[in-house]
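Consider the two complexes below, in which chain A is the common component and chain B and chain C are the respective partners.
Take a look at the complex of A and B:
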């Protein structure tokens, strides 16, 4: 995650979390929805499964897919940049709505 | 045999498994999924990066063009592929490698190979399923780089497509209005592609005993998708006969389709119900309920394709299906996994003989957690419809299995009621797929019987349904099979409950007369076959042995 170091230099991280309701976790459709939404923000946005030590670029569907974030566990979300607050709020809401499944 | 050079082209008959459709005639178009034309890298790395970006844009545009025309099922696959083409973490490192001098096709192929291996690496079923989509995407971009269109754009009009293997996305990329049919050497009649073909009425034969040969490109061919054969370079007399059958089939089909929504009544005035089989949620967007008398079979396995769905996901689909049926009766089958339908993480691996192993209700009773969730969702859905929901249990062999499901259903309903959740108890029925169940059907306390003819044939004739070598023995017209069906129909009549048949036999117009002769009065067919099956019923009498014979 080369993005992390760069982003932290930009300023503070805004953090949030929401529980993944989908029984299969973050599979293709939710991964695509999440990354599409993340891309609408200028902020650097990253996500992390509860068991992961590192953060993943929330704008990369391939990376998000490979996180294998599991059902019933929290998904941690953080953003840094001008619209970081809105990005975290939007992504948390999307996960809470179960990706509009 | 005589001179090998006498005929440059010789008629050849290739056998496969019929999936759906009738006779098609056209030039062969051989799809070589991996045969991407060789290309030379551009003069400078900068130009090469430009070619790469242009290929990504072309592949994205091709995906989006297909996406616009497709349903939800296809959409999920294509959207994921399109999203990857716009993934900075994936694309930028490849572009950087190209900028340093690696040809675009090598850089792309190597990067995708690494990703595909990573997706398959640890056997995670959700990720492994997506590895095929990545492989498909790898080819799409390589085709775009070499100037191909990566889709069905170059397919000659009226062609019969010949391929080794076909992914759902490559199947969907074909322009179904322009092609005559599809034949594959791989594939199975129960694959995703087969189900898409049945829903769309595409002539399809799978499991051909011939590997597609590029020299066949453009050769005239006859695809008989009702018989499961592909004839290449047919002799004039063969071609003439096939043309007559094709024309007759086309005329019959248009006559049948014109009357698809009319009720089916036999030539001697007996009404017959024709229902549809629903394989996939996406079908509900493609067909209207007016063509059928209800849903005779809903295969719920597709809900489990990405792992076990939760109760709300299942409830949402069941309720949507019931709303679609608009008051017509609906039958939903509980999970029928195992045998030739393994579900990662659900079915047992390594059974020596999976068709005789822990499948259908045997598996559900061994995984009561999954069954309870499904029964709760079904009981909740049952409260949303004005007509009673029917739930059928697959692979039942003895009455006790049905009673154990009934006990779990009663528990689920009691729990929902205690919690104040709206619910109703569905009618519980037995599938008849095992000869033991057919011969003892009258001893089951079943609210209805649904004959699963594919498995009934395989068990009655000891012919595995996925083994082409014994396909000729798996004959639906074997008198033993018809006797098992007739006994089930009689047991239903004696107990005053409905008997329907939801296997492939009911989708075959040629078998309608034989089924009517067993006393069967409820058919459940693939949506694309409903019109033809109704027409065959109209042309048959209800229960008449052929004149003169008392065999």
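Take a look at the complex of A and C:
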């Protein structure tokens, strides 16, 4: 177990961030992809569009769709649980790949 | 065989039903099965109980089938189709109280993670709330 995995097993958060490059922001298709990917992990996964917004359940299609995160804004991602490291890495990579658009 | 809740779209228009189903397939992917029934047997506007039954049968799974309907007769004919499936099969089918297109996409997104029919219904019905 790596240090961070040990930390997350104790209920701590693993965090990451990536910038939304799509000109339309986090629109419907990316929101669906993000939700689907988040659901593949056992960890609790949350996202927020900027530092002062409240955290949103990344596995909830409704919540992610409602965020309307804008183009150029950093999307913060955090996860807690056994596969938290992998979850954060996968979601950050998805945003960095511009949701495979 | 996918172990996800599947989706059936029922519209008065064959084009709307097919378009909504295509949108779900393209946005969510192949892991959630989608079937549609739109228009009457003679190609007009309306819904057809036999076609709705066939669509439900096409994607039926014990995990559950979520049915999205547009207006009036689409709902009553879907209720009739579910009744005609018989109690055993019909018990795993639910008509969702959500808009056809948006509801279908949200339902399929929820279903893609292996959620139960109740969870799928909740997500679709909470959309826009």
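In the analysis below, the second predicted complex is superposed on the first by the 89 of 101 C-alpha atoms of A that agree within 3 Å, B and C clash if a C-alpha of one lies under 4 Å from a C-alpha of the other, contacts with A are read in each partner's own complex, and residues count from 1 in each chain.
Heads up, the rule we're going with is that contacts are C-beta pairs under 8 Å (C-beta built on N, C-alpha and C of every residue); 3 or more make two chains touch, one makes a residue touch a chain.
None of these values were measured; they are calculated from a predicted model.
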{"item": "Partner chain(s) touched by A:97 [first = chain B, second = chain C, both, neither]", "value": "neither"}
{"item": "Touching partner for A:68 - first (chain B), second (chain C), both, neither", "value": "first"}
{"item": "Partner chain(s) touched by A:40 [first = chain B, second = chain C, both, neither]", "value": "second"}
{"item": "First (chain B), second (chain C), both or neither touched by A:27", "value": "first"}
{"item": "Which superposed partner A:57 touches (first chain B, second chain C, both, neither)", "value": "first"}
{"item": "Contact breadth on chain A, by residue count: chain C or chain B", "value": "B"}
{"item": "Overlap of the chain B and chain C footprints on chain A, listed as residue numbers", "value": "28-29, 32, 35-36, 59-62, 65"}
{"item": "Residues on chain C engaged by chain A in the complex (per definition of touch)", "value": "27-29, 105-106, 109-110, 112-114, 123, 126-127"}
{"item": "Complex contact set, residues of chain A against chain C", "value": "28-29, 32, 35-36, 39-40, 59-62, 65"}
{"item": "Residues of chain A that touch chain B when the two form their complex", "value": "21-25, 27-29, 31-32, 35-36, 57, 59-63, 65-66, 68, 101"}
{"item": "Sites on chain B touched by chain A in the complex", "value": "76-77, 79-80, 83-84, 87-90, 115, 118-119, 124, 126-127, 130, 133, 306-310, 313"}
